[in-house]
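Before anything else, here is the set of structures, which you'll find just below.
You will see subunit A twice below: alongside subunit B first, and alongside subunit C after that.
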Partner chain A sequence: MFLQKGKSFGFILIFILILLGLIIIPFFVDLFYQTFLTELFVWILFAISFDLIFGYTGLLSFGQALFFGLGGYTVTILIRKFGLNTELSLLFSIIIPILFAWFVGYFSVKLTGIHFVIITIIFAIIGNIIGDTWTSFTGGADGLTFSPPPYRLGLFQIDLMDIKGNYYFVLTIVAISFLFLRRMIQSPLGKVFISIRENEERARLIGYNVQRYKLIAFIIAGGLSGLAGGLYSLTLKYASAGYLHWSVSGHAVVYTIVGGMGTLIGPALGAGIVMSLEHYLINFLQTTDLVVGIVLVAMVLMAPKGLVGFIQSRFKKGETSA
Partner chain B sequence: MKPVPEKNEIILELKEVNKSFGGLLAVNRVNLSVNKGELRALIGPNGAGKTTLLNLVNGTLPVSGGHIFFKGKEITNLSPHRISHIGIARTLQITSLFSGLTVYENIWTAVQSRKKFFNPFIRALKWQDVKEKTESMLDLTGFKDKAHLICSELSYGDQRILEMGIALSTEPDLLLLDEPTAGLNSQESMALVKKMRSMLSGQTIILVEHDMGVVMELADNISVLHYGAIIAEGAPDVIKENEEVKKVYLGSEHA
Partner chain C sequence: MISNLAVAIMNGIVWGLIMALIALGLNMIFGLLHIINMAHGALYMLGAVVAWYVIELTGNFWIGLMVAPLCVGFIGLIIERGLIRTIEDKPIITIICTFGVMLAVQQLVLMIFGGSPRRISPPIAYRFPLFDLQYPAMRIMIALISIALMIGLWIFLRKTKYGLWMRAVVQDREMAVGLGIPVNKVYMWTFVLGSALAAFSGVLAAPIVSVEFMMGREVLIMAFIIVIVGGMGNLEGSVIAAIMISLIQGVGALFVPPSIATVFALAFMIIVLLIRPQGLFGE
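This part shows the complex of A and B:
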C-alpha cells in the first residue's frame, strides 16, 4: 500500500477514465447539472485539502473555512475592486491564504488534541466576524458580486461567464490539485505527515521536527482550501462572509468521514454522495441537514473508516476467503 | 566506587544533573559517564528516576540543573528531534510504534529521517538508498517475512524488537533502551536477549532493566539509581555483592 508500483498503473487508468467521463458529461446534461458538478469539483478540492491536514497529518482543523473564505474574497475583491485579471487573482487566492495559514498555523500547531481544534475554530470565528462587520470591504452577509474577465491561455479562450467554460476550468484545476496531493502523499514529505498522524512522539524521537512539519501541512492545506474558495467565487461570481463561517469546514469533515479519511479518493466520493443526497432530498424536505447527520452517524458507527475503508475491508475478506 | 574510565573514549557525560517535579527530586545530582561501545545497565527500584534520566538525556524533559555532554558537545535541553540527529536514539517503556503502518513502513520512516530534504514531488520509493537501507534493517531485525504486516498485528515481543529496529535505523551512536523486556514472560525475555545480542553488537547502550537475569547477561557496567541518586556503580559482579544495593532491593523479588 505504501510503496507498491502495480497499483499506480491501475490508478492512472481509472483516473483517466473518470476524467474522460467528466469531459464528455457537459454534452449530455443541462446547464443546471453542469453548475452542480462544477460546485461538486470545488467541494472535492476543499475536502481533499482537509484530508491532507486531518486524514494524513492527524490535525482536526476547523480553520479551513477561513482559508476558503479568504480565497473567495481574494478573487472577488481583486477582480471587482482592482480590476486584476482572472488568472493572477486565482494565484493570489492561493498565496493570501498561505500567508494566513502560516500565521494561524504558527500558533495552532503548538497545541494538540482538542486545544488545536478549538484554536482553529476561534481563528475562523474571528475571520467570520471581521467579514460580517467590515461591510464596506466585504459586503458582509450580502456579499459582493463580480464578473471575471475572459482571458487567453495558449490556444484556449477561457470565459468563466460561460457555464461550460467554467466547468472545464474548474475540472482542470481540481484534477491537477488531486494529482499534486496524491504525489505529495506518496512522497518522502507525505511519509513524514503520516508518521506524525500515527505517532507524534515516535516521529519526534526519530528526528522529525514535528511542529515544523505540522506547519508545512497546515500551510499547504490552507493554500489548497484557498484555491477551492477562489474557484467557488469564480463559479458563483460572488463571495460573502458566509464563506468564512467555521461550519463551512464542517462540510469537509462530513465528506471526509463519509468517504474515508486519509485516502483522498474517499473525501472526493464523500462529497459526491452527500451533495447528491442533499440535491435529491431538497425536493421534498425542508432541511437536509438531519438526513446528512443520520448518514454521518451511521457511517461512524458502521464503517468508521468511511466508504473506502468499508470497501477495502470487504475486498480483503474476499481475498483471504478465496 | 566510580570506575575510572580506562583509555576508553567517553561518549556521554552527565554532570550534576538534577530534575525536580514540584517538590519531588526525581533525579538528584547525577554524574555519569558512558564509554563508547559500552553497555551500561541502569537499574533501581520503581520510581527511582530511571525513565526520567533518559528523558533528560534525549531532551524529552528539560533539566532543572546540570549539564549533559555527548561526543564532547553540550546537548543540555536541546529538543528531542535535534538530539536524534546528533546521534541518540531511544525506545520507550511503553511500546511506541507507528501502529497503523506496516513493519516495512515503520523501518522506512526511521531510515528516511536521516535525509535532509523531503521532496514533495518525488515518490518515496525513488529513494534507492533508503530502500536498500530499509531492507538491510529488515534483515538485521529478522522481519523480512513479516515486512508487510501491520505492526499492531505483531506479537508483543516482536513489537519490542521492532521498536529497537526503528531506533537502530536512525544510525545512532548511543541507544537508550527503557525496559525492553517489560511485559514479556521469561521465555520471551530470553529470546529478546538473544536477539539483542545479534542486533546490537558493537552499539553503545544505556539499558534500563528490571530483570536482573537480563542485566547480568548483557551489561558491561551497572549504575544503580535510588531516589534519583546514583548509589553504586561498577561491574556486574561487584554490584551483585554491594551491600547498599542489596539493601535497596531487599524484599523485592528482583534481587
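This part shows the complex of A and C:
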C-alpha cells in the first residue's frame, strides 16, 4: 500500500499524480477556490510540521502558533518596513522561528507529558501578549498589511499579488517541504524520533541523547511552522497578533488527529477534509468550531489513529483473513 | 493612593478566591484522574451562562447560584461517562478530546446565547466606604461564599466516606481497588464535583465580569498557572497560589501595565515548571 513507508515507487507515482492534478486545477476553478486551495496548502504545511513533533516524536505542543505567528510577522515586517524581497524574507521566516524554537525547545524538552504541553502553551501566550501589546511594531490585534514585490526566478517573474501566481508559489514550497519531511522521517534521524515516541526509556538506554533529539525535532518543526506562517501572510498580505494565539495550534492538532498522526499524508488529508467541511458548513453556521469539536472528539474516541490508520487497519485485516 | 491600594488588595483577594474554586476543580480532576481538562474554562463559562438564564427566568441570583452547578455537574457527568471513561489511560489523548469539547461547548453557547457580553446585576447593591472610595458589599459576599464552599469541600474530603475514598485513590490506586473501593465511581464523582466547582466560580464571577462565550479561555490559563505554582494534586497549594497570584497581578497592575504583569507571571511559572515541577508548596 502506498501509505506504508519504504514503498517508494507507489508513493512517487501518487505524489506526481496529485501534484499534476493540483497544477491544472487553477485553470478550471475561479479565484475564490484558488485562494481556498492556497490557504489549504499553507495549513497542510503547518499540520505536517506539527506531525513531526507530535506524530513522530510524541510531543504534544500547543506552542506551534508562536512559530507560525513569528514566521508571518517576519515576512510582513521585513517587506513592509525594510523593503526586503520575497525570497529573503521567506528565508528569514524560517530562520527566526528556528532561533525562537531553539530557545523555547531548550527549556521545554526538559519536561515530559502534561508539563510539556503546558509550558508550550505558556510560551505561545507570552508571544501573543507581546504581539498584542507592542502595537507600534506588530499592529496588535488589527495587524499589518503589505504588498509583496514580484518574485524573480531566472527569466520568469511571479507576481505574488496575482492569486494564480501565489497559488503556484505556495504549492511548490509546500510540495518541497513535504518531500523534505518524508525523506527526513525515513532517514536514521527519523527512526530515532520514532523510537523516542515508542519508548523514550529504551531510546535512552540504547545510548541516544533523547533531549537533544527532541530539541532537533522541535527546531525543525518550528522552522517549518514559521515557513507556513510566512506563506500564510504572503497569501493574505497581512499578519496580526491573532496568528500567535495558542488556539491556532489547535488547527494543526485537529488536522493531525482527523487524518492520522505519524503518517504525514494523514495531516494533509485531515486538513483537506476539515477545511472543506468548514467551507461547506459556513453556509449554515456562523462559525464551525462546534462541528470541528465534535469531529475531533469522535475521531479520538472511535479512530485514534485517524483516517489513515483506520484505512490501514482495514487493509491489514483483509490481508490476515485472506 | 492608599485607597487605590486597598481596593486592589480587596479585589485581589476576592478574585483569588474565585480562581481558587476553578483551580481546585481542575486540580482535583488532575490529582485523581491524571488528566488535564481543557474544557474546564468552558464549564466555568457554562455556569455563568446557565445562571444568566435562570436569573432572567426567576429574577433571583441565589436560585441561579444553586441551579447552575447542578446543570454543569450533570454535563460533567456526561463528559466523564461518555467520553473520558474510554480513554482515561491516555493523558495526551484526553487533552485533545477535552480540547474538542471546549470548542464545541463554546460554539454551542455562541449559537444559543449570542456573542455579545451580558451582565448579571449583583443582588446586593449596597456599597460601603473604603477609605475615600466605595466598595461593593457583593464582592465581600462572593468571597464569603467561596470560602464557605472551600470549607465544605474540605469537610467533604476529610469527614465523608467518599472523601476518604478519593484520598485513598490519589495515594495508591491499585491498593484502593484491592480494598474494594469503587474507583470507577470515585472518578465519576470527582469529575462531577470539579465541574460543579467550575460552575460555582462562573456564577460568582458573573457579577464582576461580563458573561460571554469566550470568558473561560483566559481563565483556563490562569487556572493552569495556579495549579502548577501550587503543585499538581496539592489542593491547599492551589488555594494559596490562587490568592497569591491574583494579589500580585492586582497590586502589580497599579504600577505596570496589566499585560506586562501577566508576562512576568507567566515567565515566573516557566521557572517554577523547570525548577520545581511539583509546585512551590510540594515536598
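Here, the second predicted complex is superposed on the first by the 316 of 322 C-alpha atoms of A that agree within 3 Å, B and C clash if a C-alpha of one lies under 4 Å from a C-alpha of the other, contacts with A are read in each partner's own complex, and residues count from 1 in each chain.
Just so we're on the same page, contacts are C-beta pairs under 8 Å (C-beta built on N, C-alpha and C of every residue); 3 or more make two chains touch, one makes a residue touch a chain.
The model shown is predicted, which means the values in this text are computed figures rather than measured ones.
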Joint occupancy of subunit A by subunit B and subunit C, clash or fit: fit
First (subunit B), second (subunit C), both or neither touched by A:S195: first
Residue contacts with subunit A in the superposition, subunit B compared against subunit C: C
Contacts of A:S136 with subunit B and subunit C, given as first, second, both or neither: neither
Which of subunit B and subunit C A:S187 touches, first, second, both or neither: first
Which superposed partner A:R204 touches (first subunit B, second subunit C, both, neither): first
Spatial angle subunit C-subunit A-subunit B, Cα centroids [nearest 10 degrees]: 80
Contacts of A:N283 with subunit B and subunit C, given as first, second, both or neither: neither
First (subunit B), second (subunit C), both or neither touched by A:I119: second
Minimum distance between Cα atoms of subunit B and subunit C in the superposition (Å): 12
Sites on subunit C touched by subunit A in the complex: 30, 36, 83, 86-87, 90-93, 95-97, 99-108, 110-111, 115, 217, 221, 224-225, 228, 232, 257, 259-260, 262-263, 266-267, 269-270, 273-274, 277
For the subunit B and subunit A complex, residues of the former touching the latter: 58, 79-81, 84-85, 89-90, 92, 96-102, 104-105, 108-110, 112-115, 118-125, 127, 130-131, 166-167, 169-170
Residues of subunit A defined as touching subunit C within the complex: 60, 107, 110-111, 113-115, 117-119, 121-123, 125-126, 129-130, 132-133, 247, 250, 253-254, 257, 285-290, 292-297, 300-301, 304
Residues on subunit A engaged by subunit B in the complex (per definition of touch): 1-3, 5, 183-184, 186-192, 194-195, 198-199, 201-210
